[in-house]
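In order of appearance the chains are A, B, C, D and E, and numbering begins at 1 in each one.
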Amino acid sequence: GCSGSDEKASNSSTGKEETIKVGANLELSGGVASYGQSILEGLELALEEINKEGIDGKKIELTTVDNKSEAAESTSAALKLTSQDKVAVIIGAATSGNTIAQVQIAQDSQTPVISPSGTSPDITFKDGKLNDFIFRTSFIDPFQGTVAANFATKEVKAKNAAVYIDSASDYSKGLAKAFIEQFKANGGKIVAEEAYVAKDTDFRATLTRIKSAKPDFVFLPGYYEEAGLIVKQAREAGLDVPFMGGDGWDSPKLVEIAGADALNNTFITNHYSSGDPDEKIQNFVKSFKAKYKDKSPDAFNALGYDTGYFLADAIKRAGSADSVKIKEALEATKDLELVSGTFTLDDKHNPIKSASILEFVNGKQQFKTKIDPE
Amino acid sequence: MLKIEDINVYYGNIQALRGVSMDINKGEIVTLIGANGAGKSTLLKTISGLLKPKQGKVLFEGESIGGKAAQSIVKLGISHVPEGRRVFANMTVEENLELGAFLRKDKAGIKQDLEKVYTLFPRLLERVKQQSGTLSGGEQQMLAMGRALMARPRLLLLDEPSMGLAPLLVKQIFNIVEEINKGGTTILLVEQNANLALSIADRAYVVETGSIVLSGEAEELTASEEIKKAYLGGH
Amino acid sequence: MELIQQLVNGLSLGSIYALIALGYTMVYGIVKLINFAHGDVFMVGAFVGFYSITILELPFLPALLISMIVCAIFGVLIERIAYKPLRNATRIAALITAIGVSLLIEYGMIYIRGAQPEAYPNDVMPTSKIDILGVSISSQSLLIFFVAIVLMIILQFVVHKTKIGKAMRAVSFDADAARLMGINVNNTISATFAIGSALAGAAGVIFGIYYIKIEPLMGIIPGLKAFVAAVLGGIGIIPGAMVGGLLLGVIEALVSAAGFSLWRDGVAFVVLILILIFRPQGLFGKNKREKV
Amino acid sequence: MTTNKPLLKVDAVGIQFGGLKAVSNVNVELYPGELIGLIGPNGAGKTTFFNLLTGVYVPTEGSISLEGQNLRKLPPYKINQKGISRTFQNIRLFGDLSVIDNVKVAYHSLAKHSMISSILRFPTHFKGEQEMDERALEFLKIFNLDHYQHELAKNLPYGQQRRLEIARALAANPKLLLLDEPAAGMNPQETHELMNLIAFIREKFNLTVLLIEHDMSLVMGVCERIYVLDHGQLIAEGKPEEIRNNPKVIEAYLGEEVVS
Amino acid sequence: MTILKRAKGFWLSILLSCIFFTIIQTMISGGLLNPFYQNTIMLIGINIILAASLHLIIGITGQFSIGHAGFLAVGAYASAIMTMKLEMPFFVSLLVGGLMAALAGLIIGIPSLRLKGDYLAIATLGFGEIVRIVLLNIDYVGGASGMQVSHLTTWPWVFASVLLTILVIRNFTSSTHGRACISIREDETAADSMGINTTYYKVVAFAIGAFLAGIAGGLYAHNFYIILPSNFGFLKSFDILIFVVLGGLGSLSGAVLAAILLTVVTTFLQDYPETRMIIYSLVLIIMMIYRPQGLLGTKEFTSFFKRKGGHKHDNEQTIA
């Protein structure tokens, strides 16, 4: 479990004490509990490693609050973390909506917030205004969509693409939008645009519809839970064209759900691959498995883990547990080597990372190309 | 056959029976009379195990049954035809009768008793497949009695079998009660229609607010002025 | 042709709903309890099946049986602990308890093993595609359809023709009168829960094999849909639950087929409300006027 | 006591449930101030006839009029407001309301204060409620129920519940009162008291009363005329003496000797 | 006289609540309540309105409705559109939220005229889901990503709304109109036969209940920065239902008490993220097992210290 939020309330972010209080406001119950829980697993692993040596001798103490996957609870959790627990930094929430629910509170109390997986651009930058205390570890990538579209046109030689998105996810919508723009610019045609909602399980009706539109490529930006099912059901329905997704597909569960055969002829853009021989990545996979009963990490685990290091790096550079100093350090993050890629923050507080394209061959990810952001 | 010794029965905090004692001999028809809410139904429910006495004993053929579950009491040979008939309205007449014999395993005997019930109540035979909820009140009363007989009881508890019935049916039902009794079944009868009840009963008990206030031979009570005034509508 | 394919899709989705709705409607009809935990027993069944297959390395049928038995016991336990004390309370109080039980099972499961999904092995049951005139049907969905039909027939038989079934109906109508027949009310209700929960367990395993992905919150939506199917068909009416489930599946498939997949559940509920307005007792419920 | 103009005129009324003709071709005329009995075997359609009169069921044939006004297809509450009030065979009180509130509900349609005035607590609200209180208490006193006024209706003994139901029906200020087996479950002594009570309220409130009852001592004792239903059809109508000796009625209902 | 006495009680309770308001307001402006506690108080207020408004529909009128989150959602979105898109003042937005929800209440009131019990429950649940799905598909209000709303809800607004809700419901219930609704709950056929226009009162109950829930929606939207369709699903309706049943069906003070209690419990349990829902569900189950009639049963708070002899004929005897 997490460390208790016990009676050390006098510890505040003044920078003198032994521990640095960090709050986690995550979806640990409710509709998207699996996202929140995965993030927490990754985060706890990272903090455990960081706390072994400490940051300049100081340890990070995590106070975890469950927001039940509800915006109202997220607001309340953020208020609790800032005004009761007086944390220096908040990590969370997993979804954009629940992150937005705490933006104003973070701004008002000058507490930096790092959302590990909130992808909506609005979180950090809205109406021409930067929310300067808000950060994220994930990418808001139009970039992944663009890369996928170019790949579809150039490598697959696709002309008629179908796009199938998770309408409950900004991430999915963002990727799809970029894909469609780029694919059209490349001279392709979008023959079908369909949507599902996270947690659906039966996609056959829509897949039948997509099939009758005769696409030669399907872009499926979404999370692995549904993507796996969709690919499986698509193959059963006889839709054998290439499928492509983003980093949300990345999980060993994807292969288990879809089956290795069904995944042949599918591609993803990703920032890392658990099969990548890179030492950093392999170490992460190894220690994750050691801590969590041989479980292989998924994309949310990786993001939670990276968030821990993203923060630790900033605290180290800030040389203090002062919220404002940490915020300034976070802003200055540059070329940080993380599991999910090399990480530089742009002026809208969005990380810029490179992307790789991977292909599934008999259930294994094979590296195809690496593409850097322009 | 049945011996009740000084029982107290409660609904939550409300005491419904106070120190009631009575006994019933084999082959008798005994009737309980008393005003609304006197506790007559409560007494029957206690005998059949739907309620448990807080104090006191209920002995059936020497065996203590107070506090036993209703289903085991049925097995011993006591059947209860509850107030308001309570037939299973969503089932057919036949199914209701079959449920009456729920605990029995002797197929042949059940069949025999079914025939017997149909001879006793020819109306039921005409309506075997009818949903019992659509029967008229009198027919439902017959069904409720037939259903109880299917358990081959030695003691039959009847709670207001004439309630809401047309005079013609009341007479029929009472004739049948006598007939059942002649067949060897002991009967404990609760009735508002005290005249009628006393006319077929051997003995009677009078219940008032949870206690037995009077008991005796049926003829004796019929003649008593007190009873006449309070229960027989004599003025 | 595509329309027929979509109907097939809808029927195969509907069979899953029907499968869950059968046990739901049985318990519902007999105990008159909206057992919101039914969907969660279904989830437990899916996990028991999963662990039987992966850890105990059992084949399909034994895994199915184990799951049914575990769920039956589980169902009886839930009834005895949580619902029995509320037999004489209002139905809405029992509903709240059922919601509580549902949350407890969901989060108990999450507490034990986390919220992340699990994937059934892909090879528990061989699948093949059957193509008839360009309409493809997976052998698994055919199997599910037939399992649902067979279970419906068995259940209908049990409830209407067997002694225990008659006892169940008697208890459901009037528990005290049933006692006077010599029926053990507690055991009868337990039997009802045992059968209903075993069916939920079976549905869980079949769901796992068909959809592969299982997770602790997987019971919520199918549980809700099963409730809807049960009411649509008429509360407590077993063939009604079957038809209600199939109808729900077909409506959803057709709405998705028309390109409104995001409106799927919305349209399904609109149809539901309309049907109920015209048939307030559900499709198969007898339109009994209250006898005054 | 009869005048020429009937209060209630029922003309060839009938209703069918599926294949069953529960009531068919029934003609009834009640004159102001009469006390009439309706008898017949179980399942003859007596209660159903009440349900037709009060709008609970809509007749499939025939017409019903009260003081010359057609009641066809009017919902029960409108029929009640026009002046027909009833009790039920199986008591239907508002169990979780107090005794006095049960009576006040029936007085509702005569209340003068609006919803807005109640929500905003205008003086009209207090005045209206107080008037209701007083009226309701009057009724309870007549039925000797005033001691129970704050008790929940469901906690009353059975006999009192029957009486409360009649009180409630009266509070709606009816012209015609329908009583469905008011003496069911009462012993002869209690039945006798009820008989007197019915006679009393008829005088006091200038009512016409139609009552269903299986207790012949009550029916024969107080009713001026009796209608007999069997299998949904009227088989006889007349004075108690005539009915008592009518062979058709004896065969269908009374049996050889009248028990009384 | 009675009138005077009754009216006095009414004004006294208003006075007491105004004092309460001032105390809290002073504590807020004096910084004695940190933002977390302030927020918890707002949430309690919103939940009280929701509980009380559903109490009118289920507890008083007996209409088994489990789609209350639908009204909350309509109110939340309608009022958010008012302030965020049309730049109307907050007061207007609350009113519009209430009115739009009332309109929705009228619509869902219609099936209630034909459906009973569980059939009605399913229809209302379906209605709630339909609202959510419609919102999910309207891009104007952000679809699945939700709609961002400025923070305008303050203690005076919450307090005024709670007071309004309680007064309206209490005054309605303890009048002949409320009794008409209760009689429908107790026995619809008998109520109809006693001259109660059951159709009218059912629709009225739905409309008033929905109106108040709509106001709660407005307060909700402007307190939590963002509204998302996914937060108004049937589980939210269940939360509100739980307040009403746990407090005691038919008891307004019970519903209020349960809303306060459960909000506090939920907030408190945020500290135990892993066992939070387990504890919460156990609390529910155990409370229902030991008090199936709810915390207060059908009693009201005031009945515990009612003055004797307020009525002319007040002989408080109990026979049961």
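Everything below uses one rule, namely that a contact is a pair of C-beta atoms (placed from the backbone, for glycine too) under 8 Å apart; a residue touches a chain by one contact, two chains touch by 3 or more.
In UniProt terms the chains read B, D = ABC transporter ATP-binding protein; C, E = Branched-chain amino acid ABC transporter permease.
Everything numeric here is computed off the predicted structure, so don't read it as measured data.
K.L.:
If you check the contacts of subunit A and subunit C, which chains show up for both?
P.N.:
Looking at subunit C and subunit A together, the chains touching each of them are E.
K.L.:
What is the touch distance from subunit A to subunit B, in steps?
P.N.:
2
K.L.:
B-C versus C-E: which interface comes out with more C-beta contact pairs?
P.N.:
By the number of C-beta pairs in contact, the winner is C-E.
K.L.:
As a quick test, compute the distance in whole Å between the mean CA positions of subunit B and subunit E.
P.N.:
Each chain reduced to its C-alpha mean, subunit B and subunit E end up 50 Å apart.
K.L.:
Express in whole angstrom the distance between the two chain centres, defined as the mean CA positions of subunit D and subunit E.
P.N.:
The answer is 40 Å.
K.L.:
Where the CA atoms of subunit B average out and where those of subunit D average out, how many Å apart are those spots?
P.N.:
Distance between chain centres: 32 Å.
K.L.:
Averaging over Cα atoms per chain, report the distance between subunit A and subunit E in Å.
P.N.:
Whole-Å distance between the two chain centres: 38.
K.L.:
Which subunit D residues reach two or more other chains?
P.N.:
56, 88, 92
K.L.:
Would you give the residues of subunit E that are in contact with at least 2 other chains, written as numbers and ranges?
P.N.:
Only 136, 189, 235, 274, 276-277, 320 qualify.
K.L.:
Show the residues in subunit C shared as contacts by 2 or more other chains, in ascending order.
P.N.:
107, 110, 262, 292
K.L.:
For the complex, give me every residue of subunit D touching subunit B.
P.N.:
39-43, 89, 157-159, 181, 184-192, 214, 216-217, 252-255, 258-259
K.L.:
Which residues of subunit A touch subunit E once you look at their complex with the stated criterion?
P.N.:
1-2, 5, 26, 28-31, 64-77, 79-80, 82-84, 96-97, 100-105, 109, 120, 122, 126, 167-170, 173, 197
K.L.:
In their shared complex, at which residues does subunit C touch subunit B?
P.N.:
Its residues touching subunit B are 163, 166-167, 169-170, 173-174, 176-184.
K.L.:
Considering only the defined contacts, which subunit C positions touch subunit E in the complex?
P.N.:
By the definition above, subunit C touches subunit E via 34, 82, 85-86, 88-90, 92-97, 99-104, 106-108, 110-111, 220, 224, 227-228, 231-232, 235, 262-263, 265-266, 269-270, 272-273, 276-277, 280-282, 290, 292.
K.L.:
State the interface residues of subunit E toward subunit D in the complex, per the touch definition above.
P.N.:
It comes out as residues 2-3, 6-7, 10, 167-168, 171-172, 175-180, 182-183, 185-187, 189-199, 204, 250, 298, 311, 313-320.
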